[in-house]
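The two complexes that follow have chain A in common; it is paired with chain B in the first and with chain C in the second.
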Partner chain A sequence: MTVAARGSSARARPATATTVAVLAAAAAFLLADVLVGFLAAPTDASTLGFTQKIFYVHAPIAETALLAYAVAFVAALLFLRRDDPRYDRLGLAAVRLGLLFSVLVMVSGVIWGRAAWGVWWAWEPRLTTFLIACLLYAGYFVLRGAVDDESRRATFAALYAIVAFVDVPITFFATRLLPAGLHPVVLGPSGSGMAWRDLVAFLCGTAGMTLLFVGLLRIEMGIEALREGLRDLADRLEG
Partner chain B sequence: MVRKDLLLEMRTRETVAAMFLFVVLAMVVFHYAFTAGGRGAPALYTGGMLWVVFVFGALLGLGRSFAHEKDEGCLDGLLLCPVDRVTIFLSKMTANLVFLGLIQVLAVPVFALFFAPGRIVAHLPALVLLIALGDVGISALGTLLATIAMHTRARDLILPIVFLPLVVPLLIAAATGTSGLLSGAPGGPSLLGRAAFLLVYDGVFLVLAYGTYDVAIGE
Partner chain C sequence: MPLAEAVKYVAAAYGAVLVVFVAYLIVAGRRLARLQRELRSLEDEVARRRREA
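Up next, the complex of A and B:
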């Protein structure tokens, strides 16, 4: 995996071996997800048919995105409490990955929506929620970019991560308030009881995506730490 | 704290005037945008229009509310005052709430005249309730974010970018509630549901602002 190769370039960090192991496990689980999902799990009996397979990728990504935001939220709380720059790095890395996974959810969701509902976009609660989450967390980076002072940047970013995380579930409820009938009612396959092979594929996907997230998070944090070290060195050189 | 509020109000005749002008202008533009087909604006859209106008109008006021403090160096004096940071938040929020309420008192009759004369009068109490609940949320969230944006470069740019996505849930509830009210579609319970949602939203962000304001305003 190219990702693993990039991870090893953050050399001389003790976490590297662990990171590679985590990413290898992620790759194994994701491979199992694809294999079981496409070869073993029965093709969906409903009108979805083969297009239902995207579920094994789509849903785990969505869960991982939410997990990333939750990690950012906890990191923000810890940062405000302990004032340790490590938690700022963790928050930044988690939001960055959360945004990445959210965009992937949107992309896979739009593709699936086209296949399942016949339209590229529907104002369906979950889709809308993720769209707004994307906008919200994109604002996180704009905010960070606009604050020069380092400690202040970290503080505001933490505050914003807290506010944004509280907003996501609220948005979910708000979109539920939309008049019914404007959007198609979507039943996730999880709601209708999965066959065990579906479940295996889904769980493998979830485990794989979560491990991928953890691995990438470690790499991101390593990069941020290196970047910070570099900045310190540059400062010291200047005087 | 109260004195500061009054001072601000006196000082910001310009802000309220600008907000009001913006609101009326926006309504005129909306009228032409939505009636391009030759028919009047459908009642279903009016709730959304009203709230878009309110939120952007509020944004104008929020952007100004800390600009004075920062530009004229009043912030340090404010922070040196022997008052709780939360008091500063509450007074700022109250000031923003008053401005917003003021332009709404002026703007809603104009809106009624332009778009839905009969319905607004008939549903005035419910509409006032929705607007009041929405305003508290907008002011609480807006004041918290305006405080953060104050310390950033290009604060006029940052505030809308962080404020608008966060205010979307409130906007959804308030706009669908208002549209339902004005088009006469949903009954009482769904309006109550929206009002309850707004109440929860207000509560969440008041508590959040209360908990984080000393960090937000800085040392």
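Up next, the complex of A and C:
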């Protein structure tokens, strides 16, 4: 191993330890979410009944998906301002994970929708705007794949991420702006309306999913940095 | 809804989340494996050039 490689490896070790610690904390919070949600929180007395337990995984995933898109938005602004490729990598990783969490929320959501509303899908405000967000951010990868030049690709992707983010606050506020939809408002101005054990499970789930996102974001950015490093090295060897 | 039926929906939702997440981990693992192959290939190329030099 070369001196440079040893140095790089030594630098990578604390970063890896941090990522492992973040993922371990995420696992602990998610375990607490499931334990409190299933063992301590009361079964919902409304028509939802036991299917309300889906809430403890569905809602935190949904919030994390929107958080990921917000991170991509901030990364895009920073990239356009500073022209630093690290922010392009951050944006790419955030959108990739946002899409992952979006798929997770759609999958858990359609199953819960079938149980709660009797239909797999309804064209109501929250579902529709979330689907639009999924399609918009899937388009982000189509755009990146269509542009060969690295600099132009990063700039176009940043601009696209900023425009696509317009749908995110609409999705978040859809239940508040259009209360006639099927989705309830979970956290309103008058509180959550949840029993405290429900709230504990929800907060543990939110903390767990957020930490999971942070841990995966670090891994994704590491993979992207490695990919770019290898590409540069290959170019230098060929040149 | 009867509890037995509700349990199926809850298990399906949690199971589906787990399956999608595992699928993501598999895809991410493959991406990493591909990069490791590229790294080995570049290391071989560097070693070959050193020998030739």
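Of note:
The rule we apply is simple: the second predicted complex is superposed on the first by the 199 of 239 C-alpha atoms of A that agree within 3 Å, B and C clash if a C-alpha of one lies under 4 Å from a C-alpha of the other, contacts with A are read in each partner's own complex, and residues count from 1 in each chain.
Simple rule for what comes next: a contact is a pair of C-beta atoms (placed from the backbone, for glycine too) under 8 Å apart; a residue touches a chain by one contact, two chains touch by 3 or more.
Just so you know, these numbers come straight off a predicted model, no measurement behind them.
Once chain A of one complex is fitted onto chain A of the other, the partner contacts of A:I111 are limited to chain C, with no touch recorded for chain B. Of the two partner chains, neither chain B nor chain C is touched by A:D235. Once the two complexes are overlaid on the shared chain, A:I219 sits against chain C while remaining clear of chain B.
With both structures placed on the common chain, the touch criterion links A:I132 to chain B but leaves chain C unconnected. Here chain C touches chain A in the complex through residues 1, 3, 6-7, 9-10, 12-14, 16-17, 20-21, 24, 28, 31-32, 35, 38-39, 42, 45-46, 49, going by the rule given at the top. Looking at the complex, you find that chain B touches chain A at residues 141, 144-145, 148, 151-155, 157-158, 161-162, 164-166, 168-170, 172-173, 176, 180, 185-186, 190, 193-194, 197, 200-201, 204-205, 208, 212, 215-216, 218. Remark: chain A residues 47, 49-51, 53-54, 57-58, 61, 100, 103-104, 107-108, 111-112, 114-115, 219-220, 223, 226-227, 230, 233-234, 237 touch chain C in the complex.
By the touch criterion stated above, chain A contacts chain B in their complex at residues 80, 132, 135-136, 139, 142-143, 146-149, 152, 155-156, 159-160, 162-164, 166-167, 170-171, 173-175, 177-179.
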